[in-house]
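Below are two complexes that have chain A in common, paired first with chain B and then with chain C.
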Partner chain A sequence: MLDRAELLGLFPEILLWDTTLILLVLGMMVARTPARPAAPFVRTVAWLGLHCVLLAIVLVGVGIPITINSIHDILLTDSFTHCCDIFLLVGTAGTIMLIVDHGGRDTLRAFETIVLILLSTSGMLVLISASDLLIMFIAMELQTLCFYVLAASKRDSECSTEAGLKYFLLGAFSSGLFLFGCSMVYGSTGVTNFEELGILALTRSWGVPDPSTGIPIIGILCIVVGFLFKITAVPFHMWAPDVYEGSLTLVTAFFSIAPKIAIFANMVRVLNHCFHDHDWQSLLFFASIGSMILGTVAAMAQQKVKRFVVYSSIGHVGYLCIGFAGGTTMEGIQSLLIGLLIYLFMTVNVFGLFCAVRPVRSQYLGDLGVFGKLHPLFAITFSLTMFSYAGIPPLAGFCSKFYLFFGAIRCGADVLAGLGVVTSVISCFYYLRLVKLMYFDLPGEYMIPPRLDRDNSIVLAITVACITLMFLYTSPLFLVTHYMAMGLFAESGVGFSGSVA
Partner chain B sequence: MNNSTILFGVLSSLALVSGGLVVRSGALNPVPAVFLFLLVFVLCSGLLVWLDLDFFAMIFLVVYAGAMVVFFLFVVMMCTFRREGREHEVAPRHTEFVVGLLFLSHLWLVLERSPRPPTPSAYPIGEHCGHVTSATHLDTLGTLLYTHVPLLFIGSGLILLVALLGAIVLTVHTPGD
Partner chain C sequence: MVSTPTVAGAVLGLAIQLYCNGMRKLPLMRHPWEHVLFMGIGAYAINELVAWEYRTEAALEKKKAELLRINKNRPVESLPRIF
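Our next item is the complex of A and B:
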């Protein structure tokens, strides 16, 4: 019983599903024709997929972000999901733009990669607006199943196969843990809907003697641990370096950009709506501290490019988790969203640069030497992004870290803010080491200078402009994130908005 | 203790033992492990019958025992395993004892504080309500799944599509590659 109003909210997902199926059939028909070489066709599919994602952005953008509880309350659309959808699609579009040029040329031979990326994007769109434990699990599985295949997609490489297997095993384990948490929550409360769970938690915090024992803490912890696995926070990060190292660079770019947004959005939704008892808070506190420390210490010892990026992203996940420190306060959520958006821009930029450096296999950080002379524009872009990662003042990364620490101090988590500042200062060391390496070191053998293609250059130019010029005009960013946080908080705690159906 | 409780105890304890043996013997030789796995699924479907969930019991038999385990068996039999020297790689025994001890203590904790279930009264009120026309599980499930939460169903369909696509991408070798 889907009525028309409910289907309207699903338009971007429906567009993605339909286009994916069309591209799949098209690809199967064309790729099996023996006369046609495979490589240019990947470009075509990637190009079509890019336009599909752009069209989805338009569809999301023109839709009015009203609060809709659709399809028997399993999806919830509001201003928060609206903007998160746009961020996610922008991130995906950026990644596909990198693939358009490199996919056909280098190593990506199967057009199914694009199809899988589109399918997992649709899964993440559903995940962002999920409002029920069941649809949340299904969307998460749709997304991660695509990722398992993507990680192992380079079959002739041993690293890629190993990465796929490792990702699959640990991902399935974390999904199992997550599902166990869901079943504990359902078993002891009898509801799976986020709003109803929120009402239960609310009545419990009011001291109403409830007939059941409330939401069990072990269920909440299992769900949060499942989340921490997915966002590669520290005690559960062990799969990330190998998986990111083993898979193709383009695939790694997608891994480290898109799911972060979707899972953080979903995590904020769950922790804000269902479990505002703060039973989970100490776990996130610990994960945040651990991620910051490990991201800093381990990135210092890395020699390979992708491992370096992974550990730096683990550190950034730690900084983002600070946003949860004050329970779910408005400022915390807002700073989390700011940090997420800026992280998105920086990561797209970094991967755009790394995709341009060839040969693709086994890149070492030392190979970046003398790029300052070989390709000055590349070197300047790279240095700016690294400064931004480190949090040097006029750049965007500083803004994100500043607001995260500021939010932490406002809610009294001084320890977290202090530790964040210390690790941030230490991390400057290795970000600056890369810049030094690029300008002052002379390696024994010279690399082929990077070749930046047109689409890649566009992506890089846009992201670098965002990173460097953000401090001039920050109000749109703050307004948008404030608006998102408002949308999130308009729903929580009250939870009596009726459904359309 | 009536017959039904005894049946439950037998089924669940057999399932527990064979589940433990799957983990234990899988390190040595995978083929018996797969058969024990099959046994676990069959016993679990027996438990589902005990719970009156007949449709799910059949699904367990058809999908898990009939399709999944057969696939496992297929893969395991196709692969050749070198068994020499692998006997020493099995995890030491005391881990199992620790896990078992934890399990038993947990069981004791749960049983100690669990409230007694209320005994059903001899004259239940409204016993015959809702039994005039009875819907089977399949009816109820179909109504819920296809009409009320179709998105879950569509999502599962997409997951199956991804699984199919993944199997093709990962295993089928085209001559061009």
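Our next item is the complex of A and C:
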């Protein structure tokens, strides 16, 4: 039986599940009426979904971030999960706000898209709070199963169907590998709870005689590979370009934002709580190097907008993995969280811009040329986001890269920091190429830029404000990430040493 | 006397509304009451942010002291034995 505190901690998840069920039933009832057009109903469902997510943000925000172990210690709520939940819900709300207006367009006809987004978000909330290998796997599967359907949601498109199928096959393989790792860990230790695994790892690293055979390295590596697949880190990124390109732009936006927050949060929890011996460190080290290099080199050759964004995202995953360079230190975790939050704002902004120009032909990078001439404010916003992605001061992207590299140097990973700087400089070439395309190249054909809808313009305004002002007023960013990192270390039982702030 | 966060928030709110109208290719001062509304929301949000910052700083200091105390008195034998 749940007590009051446990129930309050689970309110956001329960709210999302209830809304999902209600919207599904409502959709079934309305969809049976043939006279009713689909588009306005999708818009209504999107509005209801958005309000549900905003209510969930309020529920999480007003709650006190105290440490609660719920349902026989399989879920853990603390200050770290509290803030990660807010990041995730903000990212989801941003994505749904981009979707609302698209309800009336041809690209998004099915109300199930919103329902699946809400259902996968609830899975991600559970994933962030997961404190047990089994519940972690179940939450990850709940999220991923929704993603398979979302990827194939453009039913009359061959590319979308291919994307869904490809994602399903490779996702099933990675889930199998992940489960295999979990079963190996359970087989050799007899426990699945993070806290118990952490105590076992501590006794081993402190030289206390180990009653069991210890945690097998191969099991840990299988789990880490499962994580790397989900965050599209090299060499497990192969599925991402095709899946992201084949899916709807709005679904691609959701894939690029929400799961990365949930998986990174869970990854930090697992690696910090359970596996302190850093057997996984070299794997993440090489994944980070590979992602930075491949993301930079491959993005240069892209002509299509979505593929460009995907490779850019792979490069940023490489930068974020630098946060794990020194194992799980306070500096590393804090810089990772700073990078993740800034990545969230930049990605919402860039997809907001792409969604805004979706009605006109904007599949190729060359099509963006028209906006420099006909919509100067759009061009300025796009340029600011590209400068931020490139890490040029005084924008938020610089802040993110600076603290990631600074954290790596503090942890002794000078190679990663040096390579990060080199790849950042190279990446400036293709980010600035887009700015050149808009301002200096003549477009192939002129077209009337579409008028943005209200929701999209508000999302763009807020994200642009964050990108430009975060560098000037960094203390809230530092405080929240420091608070989260400290909450994580307080719960892990491994103590802490110093901080960036 | 109006405080700095209030002014900064109001300016930010106004800028956001002007930007929204600019992006939508509408007259910048269209529906002026929306500008006032956004200025109010901005001022409230920034004041809340500053208040939250003070609260979080205090909570952090408390947590830091607690963790340092735990770190100092952490013998290996104090670990719970589950195996």
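In the analysis below, the second predicted complex is superposed on the first by the 485 of 501 C-alpha atoms of A that agree within 3 Å, B and C clash if a C-alpha of one lies under 4 Å from a C-alpha of the other, contacts with A are read in each partner's own complex, and residues count from 1 in each chain.
FYI, a contact is a pair of C-beta atoms (placed from the backbone, for glycine too) under 8 Å apart; a residue touches a chain by one contact, two chains touch by 3 or more.
From a predicted model like this one, the values you see are computed outputs, not experimental measurements.
Once the two complexes are laid over each other on the shared chain, residue contacts for A:Val480 go to chain C alone; chain B is not touched. Within the superposed three-chain model, A:Phe489 lies in touch with chain C and out of touch with chain B [touch as defined at top]. In the superposition on chain A, A:Ala461 makes contact with chain C only, not with chain B. With both structures placed on the common chain, the touch criterion links A:Val126 to chain B but leaves chain C unconnected. In the overlay built on the shared chain, the residue A:Glu162 is in contact with neither chain B nor chain C.
When both complexes are overlaid on chain A, the residue A:Ile135 reaches chain B alone and has no touch with chain C. If you check the complex, the residues on chain A that touch chain C are 191, 196, 199-200, 202-203, 206, 208, 211-212, 356, 375, 377-378, 381, 451-454, 457-458, 460-462, 464-465, 469, 475-476, 479-480, 482-483, 486-487, 489-490, 495-496. Residues 147-152, 155-156, 158-159, 161-163, 165-166, 168-170, 174, 176-177 of chain B are the ones touching chain A in the complex. Contact residues on chain A toward chain B in their complex (touch as defined above): 1-2, 10, 17, 24, 31, 37-38, 71-72, 74-75, 109-110, 112, 115-116, 119, 122-123, 126, 134-135, 138-139, 141-142, 145-146, 148-149, 152-153, 155, 164. On the chain C side of its complex with chain A, the touching residues are 12, 15-17, 19-20, 22-25, 49, 52-53, 56-57, 59-60, 63-64, 66-67, 70-71, 74, 76, 79-80, 82-83.
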